[in-house]
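Here it is, the structure, as structure tokens.
Order as written gives the chain letters A, B, C and D; numbering starts at 1 within each chain.
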């Protein structure tokens, strides 16, 4: 089974990379970008075929490791 | 308008990060993960409301800066 | 002083740290592998050294923070044991919950290696006995992600409780954005936990303990610790 | 039974960079048509990079011996005796083309490769240097290339944990389409504990160590040969991605098993991967080698023998272990989380045999693979020397102060702090003189000995007069070492030139090499390792001839090294020399 975990910064948390990208886009002449926030995706290949079990597993992975829940939110999606 | 650009490594390209995460999940006792590949997301706030224009803009941003097209693929999604 | 230096895969300043501990205290530290479940008996100082544990993949310090030895360190700290985390060690302590906040990418997104000036805010902690409050020391930094942040409440508490121990400053002790090379909030370079027994800092005092190699400004930290531990013993 | 899968056509031969007469040489050597895997093996072994076919005859003119030279060119790195039972192991190597394609990863893997060369010999790396040449600052690609290359060098070295202590950066429009990234690594070992590539003993296990093999960096030729299907995206030749974390583990694991005396021979899997490392270990030890590719740890599914033999995946090594130490060595590698697999053995046959899925994919004479590579005496001409400029005919500057200000503001002469601050130059706690001076000085262990390190060359001198330019580069290196108080001991070189098939380029090469040789002989300053990078040109326009010289010197007491800064007001300033 394939799944994707997306980890994004909580709103309010400063994002120096996003800020820098905003600036870089502007200086590259890409206009119309109001703001950028950078996050991560994890494309995960799972053993087994039980969706519910997979989701539970991914939540566990995200809580334990993939996200730092002090500053990040995560979203789990089993693609099947 | 909100949009998301997802940047992932082309298949076949070594992903040291994904590899390290796989190992870490295993030693944390999260079982059933066969493989992990790490990518990036950019959550972008855009001026204006023309979807087609927004998509073109994001493609340009991805080509110029957000993705390294030698080793990465990207996917643009305007969320409205 | 019976110190223990933790060794995680990818850590690379453990040898610098061990040499400094030996130079200053005259005693060889124990090198403790990350899969251990216990610290050596009688350990009175745990040092989490700098480097790139697990390549700093995922987030700096994230994977190391979850290794078996860190449970032992948490127990050690809970009993008041002294823990020092430098650079990656600071990041690991934050990721493991022993210290609040996180270290983000440097403001200019670049790795920066240079000497910086640190203002020592307090001298009444076990880590700063060797310095005077307000003293300015010159020590090097070498990091890409040293930009300390935490939520407003946490920062207010840290400041209110006097837990900011080191700040990036000018040579005269002035706090000025121009001297804050990584953009850390309130120019924070090092903090302690609420018990005052766990210190995390980005700069490398262990690389400035000899006059011919940089300076001796980093020595005070280790000499102070050795003194405190000798008195306690 | 030899698996003859693909008809070898002249087009396929050409795609593998082999000339018709070179292919004929292969036919004569093996007496039959090669398999595709064999053709790949020959192309890897006989390309310029591996075989030095255009440069070899000239490199023989370089002085490589001195009483303090322990190992000259020909091994992974050069080795010199620095006294007190210690040896200094060092080499410089280019990663020019990959860095132009993907600056971050290209430069990073360049650093990774040269570090492996050094620790393969049993040395712990103690310093890195680099010599970088970029196009004109105003060229649209330059900014991107500079920031990627500098970040890549830092990204690898900082994480691996070796200080990058010196280097050089230049800008010139002749590098617009062809930048140069030369990386040098310096390591320290006990002088009687150096490890070499030559295998010994028949029936010894050949062990694969490090990261898994993927389709990294497989030549464009493989695209033409691999059939296209739904997975063709998977088969795209890809850029090599560096993994400094794995390399750091590989370093620690290698040094640990070397200390436990498990190793007979060891070879880094460099540019031509499994092919060159396996053949070199066998050929140098006068032994045959049989590889079983089914045992090779692979990152991707369905890799063919051809792909495995040509893969340039990084962070890998090949070793011959003492059979009774195999278990011990394996335990050490597992502890560091690295792959470990017995993939073959040494044989008495002098054949290089590659098996995959029960079939023989290659069966070649191992000595001849390296020894019978073509060697060219390419024609060369010396270009007309440019006429001397009459200094009197040049308008004097209005104000010396203005002229000085303009000079120090030029990209070549301005401070390079913005570069070296991105490199960790203090890790190790031994950096006595940091970047910014004439040469870096690094303390040896706990002292008092120190090593002085520098890289130098002035390409415009080499262009104007290759012989004098070659001499000058060595002399400059020598001066930088003596200026910090060191006794110069030996050099490594990285010879970057254009297309050697053009006589005027070959003329530059020959001239520079002769100049280097002359200066090295005069100074008793031998060349102990080096690297040649040819075909650095775009659209028929070559780079400036750029023979980078990396020098090593020794200081008895690091505390006595001299630095560049004025120390006090009112002191006399002396000019020494002509």
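Here is the rule we go by: a residue touches a chain if its C-beta (ideal position, glycine included) is under 8 Å from a C-beta of that chain, and two chains touch if they have at least 3 such contacts.
Here's who's who by UniProt: A, B = Phosphoribosylformylglycinamidine synthase subunit PurS; C = Phosphoribosylformylglycinamidine synthase subunit PurQ.
This is a predicted model, so every value here is computed, not measured.
Q: Check B-C against A-C and say which one is joined by more contacting C-beta pairs.
A: Counting C-beta pairs in contact, A-C comes out ahead.
Q: Whole-Å distance, chain A centre to chain D centre, using C-alpha means?
A: Chain centroid spacing, chain A to chain D, equals 39 Å.
Q: Could you state the distance in Å from the CA-based centre of chain B to that of chain C?
A: From the centre of chain B to the centre of chain C is 34 Å.
Q: How many angstrom lie between the centres of chain A and chain C, each centre taken as the mean Cα position?
A: 29
Q: In whole angstrom, how far does the Cα centroid of chain C sit from the Cα centroid of chain D?
A: 37
Q: Return the residues of chain B touching two or more other chains; collapse runs of consecutive numbers into ranges.
A: As it turns out, chain B has residues touching two or more other chains at 16, 20-21, 24, 28, 38.
Q: Return the residues of chain C touching two or more other chains; collapse runs of consecutive numbers into ranges.
A: Each of 54-55, 57-58, 63, 66 in chain C touches at least two other chains.
Q: Enumerate the residues of chain D that touch no fewer than two other chains.
A: 243, 245-246, 337
Q: Under the stated touch criterion, can you name all the chain pairs that qualify?
A: Listed in label order, the chain pairs in contact are A-B, A-C, B-C, B-D, C-D.
Q: With touch defined as at the start, can you tell me which chain D residues reach chain B in the complex?
A: Touching chain B from chain D are residues 101-102, 104-105, 211, 214-216, 233-236, 238-243, 245-246, 299-300, 313-314, 337.
Q: Please give the residue numbers of chain A that touch chain B in the complex, ascending.
A: 6, 8, 18, 21, 24-25, 28, 30-48, 53-54, 57, 60-61, 64-66
Q: Once bound in the complex, which stretches of chain C touch chain A?
A: 58-59, 62-63, 66, 95, 101-102, 104-109, 147, 149, 151, 183
Q: For the complex, give me every residue of chain D touching chain C.
A: 151, 154-155, 158-161, 243-246, 248-249, 336-337, 420-432, 443, 446, 558-559
Q: Spell out the residues on chain C that touch chain B in their complex, using ranges where they run on.
A: Touching chain B: residues 54-55, 57-58, 63, 66-67 of chain C.
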